[in-house]
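Next up: some structures, all given as structure tokens.
Shared between the two complexes below is chain A, which pairs with chain B and chain C, respectively.
The block that comes next holds the complex of A and B.
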């Protein structure tokens, strides 16, 4: 039983890392602009399909697809922002409807271009076992867990140390006051969306490397990312990692100790429990003030 | 007066006779998931339907026109699709995928009094809920027979079943479990939510706790890839990996060459496919011409169900009973050898003769290994993909 639980914790940790990478972009935009980008999962999926195309057509490994995925997904993410920025009233509500629609359009574009077939990497190196004593994982999972940590560190540094990062936080805190300080809110929000695009590009390539992709997966990715964002507490980057790992571990332990059919239920139970005990999430604003 | 009446009666009789013998065009609705989670299988079935229409129109005086509506893999949209097609004048519906979509869609067809034929749902409740105009050409029993036959040939003593909690997969897993236990085979079962992406915790339980001879997977393409990947990492000491639909296909061999070697799945034909009958050759040639690829099992099932429907429509048209329940009546009289074997429909609309075969990925080929009378090669056992 000890070996089973150790493997569950390890699998949950790695799964949590991948969840965190998927959730980061959504958390950034939600935390800084109060916009829930419901097309975020589709942006992640777009990057995954670019990795698939590079591998199947050019024989390049998924990692080599990152530069192309970055360009395409950042352009797509910027386009989403340009459309959202046209909203003049009730931006928080109307952006929900708009980004949902963009997500549907993106799903259908992916379907048209790449068909409905199930895709995944054929790189045996990425799929080979990485053995750590009694613990097993795929190489790709460990690789992208490291990438996830690095991206989180980079994002934290950018938000706390760079001019644009601080501008993003200033706009999020008080848009009008930020204007008075010489910050262009529109440009700052665009930068947020571009950074979210960068995160989505890495997440998509990672997803293609250790998982399976299909055009309809985008919505499920968005839901998972949204749960983690709320679990983390709006605007908290460490909260995203903790929330994602908690979710991953809870799911893996449920599979091991109870039934795999209850995995999603366990995730939702954790989500509700955290919100009941800590209504602002694990690292929500109220908690930070305290 | 008397002569006038006679002439009018003669003219009416001639007109009626001519009408029944006259070539007609019929609109048939195709309700399919072309987007959403079942888009892949829906698109495969659609190809078969279109090939059937092409072949039928080439060889029949009556013509079939297909109108397709995407049900987006959603039950409510499936109902709306059937109603829309009926309002456009469709005389019958072919298609449907996923028992949870087919059930409400076929209910809608039943209310509208039109025939609904499918190969996309194996849930037994589809044929036990009193739908009068419902027909299907495959069922759980046919899949179960093939899996049990293979396990019997292997002489397995212990099986771990990993299955999706969806209706069709649960039904099949439970049926196989009961049948195996009745034969004295030990069975451990692990259901999984369709949203699961990491199968390592399940496969690890199988490896450390169950220690079976065989892992039996009941899911869909994405599930098989996930389970096989987890197994490749954890390497459980089993003798074979066995699955059901959508697994022993040329597409899976081409897309996942490292995961598929030695894996078993249901397959009616070996790959490369060899068609010996006239019908089979017509299907394969037309399919290749229309889609520029080798036909797969989804196309094959879509073709058979649609061809049987079109033939029933033609017979009903000749009798002038298309709008008087004649299509269902003609389908009930069906007794025909097809690409999937002999098809006859029982009173509940289920195919009485359906039995699947088991194939194994061997190199780039798919070899039929069960039943013996249809085998095209010997099974590699014990043998694993890793």
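The block that comes next holds the complex of A and C.
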């Protein structure tokens, strides 16, 4: 039993690392614009399907898909921003419905182009076992975890050191004051959507190298990303990682101790519990949830 | 104005089956559009009077459908009483969601979505009662009343139409009552209305229950109409997507809007887009939603009336 639990904790940790990468883009946009991009999961999925096409049609590995995925997903993410920025009234409610609509478009576009079949990588190298003492995982799981940590570090560096990163933080803390300091809020918001697109592209390519994908999966990814954002509280990169690991571990333990059918339930229950008990998330700034 | 619009719309709803009732396929589409219209009306009531966007109305549709199907099938409840039971079941399910009312905006929208997921998982896992993933079959049809067989498509349509009509007028009464006025004042400023003595949480809770009841009855109606239920269908995303598209398209701040929107959106989707793009035709619905939010977020009806706004 102890070994099973240790394995569950390890799998949950690795799974959490991958969830963190999926959640970062959503959390960044939510942190800067207070907009939940309900199409975020579909953007991740789009990148995954591009990786699938590169592999099945051209015989190239997931890494080769990254440049293509970056271009396509960043264009898609920028389009989401351009549409959202055209909302005239009731931005909070209408942006939710708008991005929900974009999610519906993307899901069906993916269905149209790639059909409803479940896809996964055929690379045996990625699916080979990676053994760490008594603990097992797939090579791709460890790779994904590493990519996730690297992207998180990159994002942290970008937000704290680069001009645009600091502009993004300035706009998110006080839009009017940032404007007075010569920052163009519109352009800054566009930049944060593009960075979210970069994160989604990497997450999608990694997702394909790691698990199965299907067109309807995008919405589930968005929900997971939002759960993690809520767990993290707004505006904390380490929070996203910890929230993601918490979700991954809760799911893995549910699978080990109860049944795989209840895996989703664990995430939802955790989400509702944190919403009600700790409305500002585990690591977030106070007083923002209303 | 609104009363006339509702009456005209319902008149059209009565005429349509009399003209097209001989075509079974078209009639089945019209009944489906009516169900979606009823759910859209329930969604719009919560959005309009409660100021809340729900991505979880599939929970109410599903719970209503299962409640009525199981009570009529296993406890021998008459089908028409089952419809009421379905609504009550959905409202009871909504009681479990009351803590969500403390949340606003995206938090509310996604918390209610999480609930819908939980109900779907429960319906799948609690197989001794619900039949699990295999579903429930042989759900009783609508009965023969006064020599008229309501088990036919046209018969079921008129039962559904009666329900939706009752809902539309109940909605109208609620909106015109002083509760409705208080709720509309709440849109302006929730804090201000609270200061003058309106219990906003209680009012929002009431709207959630009414909306859940309506969606539950529509779910129950649909279960008796199609006679078969499975979790993937009863709690399907289509019960979220289509009512939202219909309500936004027609105008969710009006009462006739969601009903009109459902008829137009669903029929055009099924008759035109589905034949043009067999898989992925809902792409067009997403595009419609995006276009409406940008160009006329209050829907088609206000646009037609010329109340265009910036």
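Worth pointing out:
Definition applied: the second predicted complex is superposed on the first by the 283 of 290 C-alpha atoms of A that agree within 3 Å, B and C clash if a C-alpha of one lies under 4 Å from a C-alpha of the other, contacts with A are read in each partner's own complex, and residues count from 1 in each chain.
FYI, contacts are C-beta pairs under 8 Å (C-beta built on N, C-alpha and C of every residue); 3 or more make two chains touch, one makes a residue touch a chain.
Everything quoted here is computed from the prediction, not taken from an experiment.
Superimposing the complexes on chain A yields a three-chain arrangement in which chain B and chain C clash. In the superposed model, A:11 lies in contact with chain B only, and not with chain C. In the superposed model, A:103 makes contact with chain C only, not with chain B.
Applying the stated contact rule after C-alpha superposition, one finds that A:276 touches chain C and leaves chain B untouched. By the document's definition of touching, neither partner reaches A:32: not chain B, not chain C. With both structures placed on the common chain, the touch criterion links A:261 to chain B and to chain C.
Touch criterion met: A:94 reaches chain C, while chain B stays clear of it. In the superposed model, A:137 lies in contact with chain B only, and not with chain C. Within the superposed three-chain model, A:116 lies in touch with chain B and with chain C [touch as defined at top].
Residues 107-108, 111, 115-116, 216, 261-262, 264-265 of chain A lie at the contact with chain B in one complex and at the contact with chain C in the other.
Of all residues in chain B, those touching chain A in their complex are 34-37, 39-40, 42-43, 73, 165, 190-193, 195-198, 200-202, 204-205, 208-209, 221-222, 225-226, 229, 232-235, 251, 255-258. By the touch criterion given at the top, residues 47, 53, 55, 99-100, 102-107, 109-111, 113-115, 117-118, 121, 124-125, 237, 241, 244-245, 248, 277, 279-283, 285-290, 293-294, 297, 309-310 of chain C touch chain A in their complex. Against chain C, in their complex, chain A makes its touches with residues 30, 36, 83, 86-90, 92-94, 96-98, 100-109, 111-112, 115-116, 216, 219, 223, 226-227, 230, 261-262, 264-265, 268-269, 271-272, 275-276, 279, 289-290. Note for the complex: chain A touches chain B at residues 3-4, 7-8, 11, 15, 107-108, 111, 115-120, 122, 124, 127-129, 136-138, 211-212, 214-216, 220, 251-252, 255-256, 259-265.
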